[in-house]
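Here it is, the structure, as structure tokens.
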Amino acid sequence: MSGPLLAIRDLRVDFATEKGTVRALFGVSLSIDPGETVGLVGESGCGKSVTALSILRLLPSPPAIVRGGEILLRGENLLDLPEKRMCEVRGKAVSMIFQEPMTSLNPVLTVGEQVAEVFTAHRECGRREAAARAVSWLGKVRMPDPERRAREYPHQMSGGMRQRAMIATALALEPSLLIADEPTTALDVTIQAQIMALLQEMRERERMAVLLITHDLGVVHDFADRTAIMYLGRIVEIAPTKGLFSDPIHPYTQGLLASLPGKGTGTARLSSIPGAVPDLSSVPPGCPFADRCPYRQAALDRFRGGADSRDSLGICDREDPPLFEYAPGHFAACHYQRAMRGGGAS
Amino acid sequence: MTGSGGIWRDFARRLLRNRLAAAGGLVILFFFLVAAFPALFTSRNPDRIDVSVILQPPSAAHPLGTDDLGRDVLARVVYGARVSMKVGFVAVGIATAIGLVIGLLSGFYGGRVDAVLMRFVDIMLCFPTFFLILSVIAFLSPSIVNIMAVIGLTGWMGVARLVRAETLSLKERDFVAAARAQGAGTARIVFRHILPNALAPVLVSATLGVAGAILTESALSFLGIGVQPPTPSWGNILTIGKNYIEFAWWLSLFPGLAILFTVLGYNLLGEGIRDAADPRLSGR
Amino acid sequence: MSGGIRRPDAGGTLLALSNVYKAFPARKSFFSAEVVSVRAVDGVSIDVPRGKTLGLVGESGCGKTTLGRIAIRLLAPDAGTIRFEGLDITHLSGEALRLTRRRMQIIFQDPYSSLNPRMRVRDIVGEGWHVHGIARGKELRERAERLLVRVGLTAEAGGKYAHEFSGGQRQRIGIARAIALSPKLVVADEPVSALDVSVQAQILNLLKDLQEEYGMAYLFVSHDLRVIRHMSDQVAVMYLGKIMEHGPSAELFREPLHPYTRSLLSAVPMLGNAPQERIVLSGEIPSPTAPPPGCRFHTRCFMAQPVCAEVCPLLREAAPGRFASCHFVG
């Protein structure tokens, strides 16, 4: 192995809005190894989709401005590539599937034509061969009766079949990285299971890396090797999936896991995170989670009694905590946990 | 978070930021003042005939000149504003009221009521409006009241269709279902929940409609079957003007400009309201 | 009261739907004039016990939302009867229906389209009081403010408009509106599916607290088995307009009887089962315009036999208190 397939380093993205500049990503770093599946989890507005779209440079700009950082694909910075080269990267090296397959497929082209277009657009082969390859790919994604379905239009298909067609277009050029943005959110439970099973099978067969973006912790639990939790434009915790679920460190991760319903039937109240995700346009200084954090007061008390109490007073409200490694590959960004568990090491 | 009344405040803010719409609004405001307080803008009587100053070009005494009977053109244009504004507002008021009622009935009740009312709209739309107005006015006497009524009675179909479409979509919204679940009766649902949410597009169409009504009145008066002399109207000043257009340009130019600016003002304002009412267009 | 027939309260049952049918006409495709009928609810009987929660779970197009609206007479059924507090309300209309509606309310899924954007929050919450002449003016304002505080908002919220609030806060306003008239039954139609996970838990907790405080029964409609499991005392599983399984929540989740329930439970990530043991159903959900003959589920069922394509199984009691409609259960 020669390093990661994709390495995002300190990515900063702003949005210029009516009410002024809003920071969407506050220095996101994330790497994906070849063949690895990384889950990116967070609530709406946390920046997970912005991260995904910036990898493919698909963020609509005017509003979006990349302020800094780099996105290295096999060592090559995608942010510096001319648009023409970027077009080759899209689809061929990195491809993407979206939440709503109805709006991401063109309603006036047949499904077969849309899969075939991938080949002709990248000048892989002629029209006739492209059409044949399209049918074979529809078969590979378990589209029932691919010959006939290839001649149908998206509206004639169910949500599950459309998502299969999307996956066929995304995988047709055998990319080394697939970005799946909420691939099953719009689907029914039983269809979700089908699509996730298909993605798992394709990932193993093609030895493809997957960046799985979702709000559903259950989905990453079952499919991701590593999981990153995002909150307000930052990664607040990233760890091997098992470690994240067995020993969550960041209070936000803990809160998310605790607030999942359905672990037992019951009369029990769910533990919930107080308050709501703040508006990105009014993020307070310091730790982004501070105003909803159960540890903030404890951190205040603890640090107040410390030796250099004046310096550490209200550190949660003052300083954005950096990521700190607690176990191999398990990083979290929390002042309190660092003081409690991490000792003073680097 | 904004304070209470947020929706209208946002709306006003977006509207005022649109410079063209604000300019249109100012022009209309100006003509409103002219119509409401004509004495502030001219001290002369628009109907006073003075044969000693027939067809005088603009001068200090008569800033916009005089007409073929020696009447002051400024005074006539100023008092003519009154006619235009009145016709515009009353006609559009009639059209909007009819359109609202028909559109609400049609959209809310649907089914046979909808089918009958919408076929009636289709039939009304088959008549070339202007000729319909011409023939009706030919039967009745050409008075200001009749003109307003006829323009209003022939101009409501667009509003009706607009309101019907809005009502159809609004009545399926959850807040209407919620109101029904609360035990709200039909009247409350229509007037409290559907109508206020359907008003924004109606306001746009009404504003643009005023411009249309003013144009129609001017055209009718120009043709001599509108507002009858001696009552001044921009249209009938133009009628006189056309007879002398080769040597008394002021008689045509000033009422023409008045019509142009008013209509332009309403159109700009109307489009501004449309953009401001649609938050998707904001910030562009 | 109108011509409804009173009958003794059957074992604490608040709402009883029996043999309810509802079909909608639908155009076959956008350009075709052919009208087909969508059988949204196809012979359903369920009971909602007083003060308890009946969870109604199913995938899209199974008819659960339609059933919820029929339950509180926002829609009229084509056939079948609805009894509320022992009174037949199937054919109530006019004033009698308006009065009955005071005791049955609904919370909607979409916190954006369910609040009138042109009304102040206090008027939204107090609409029922106004309509029924319970409180108006200053009194309405004060009561609305108290209620808003109860659902976790501030009293100042009353003077604002819905668009000034976040999704979770709007859902709280919708809940306040639903409980304002102290209803006996609240239909909660996917009340948390539009919300973020951390906010979801707050709303679910609020709903549970309010149930305890006011003793309401919920008909809780959701596609999310985890939420259903958390909220419900009884659960009914719907598929293509029919009830597949019905029973006490704890038992149904511990040991599902119907093959559809079993595959549903196994399809949910992280409900305790390893992904390897997952039953992945083949095929798509058939269209409700042309439901398969026989058992609705046989086209996707891993247990299907020839009889399933021909005979529609009835909902039978397979174990005490547990009902399933499958030829091979019980």
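Letters A, B and C name the chains as they come in the text, with residue numbers starting at 1 for each one.
Note that a contact is a pair of C-beta atoms (placed from the backbone, for glycine too) under 8 Å apart; a residue touches a chain by one contact, two chains touch by 3 or more.
Everything numeric in this text was worked out from a predicted model, so none of it was measured.
Looking at which of A-C and B-C shares more C-beta pairs in contact, the answer is the pair A-C.
Most remote chain with respect to chain B, judged by CA-atom centres, is A. In this assembly, the C-alpha centroid of chain A lies 54 Å from the C-alpha centroid of chain B. With centres set at the average Cα position, the gap from chain A to chain C is 33 Å. Chain B and chain C have Cα centroids lying 49 Å from one another. Those residues of chain C whose C-beta lies close enough to touch chain A in the complex are 59-60, 166, 168-169, 196-202, 204-205, 208, 223, 225-232, 249-250, 253, 263-264, 266-271, 275, 278, 280-285, 300. Across the complex, chain B meets chain C through its residues 1-7, 173-175, 177-185, 188, 192-193, 196-197.
Note for the complex: chain C touches chain B at residues 69, 72, 74, 98-99, 101-102, 104-106, 108-110, 113-120, 124, 127-128, 131-132, 159-161, 163-164, 174, 177, 181. Put simply, chain A touches chain C in their complex at residues 43-44, 144, 158, 160-161, 188-194, 196-197, 215-219, 221-223, 255-256, 258-262, 265-267, 269-274, 276-277.
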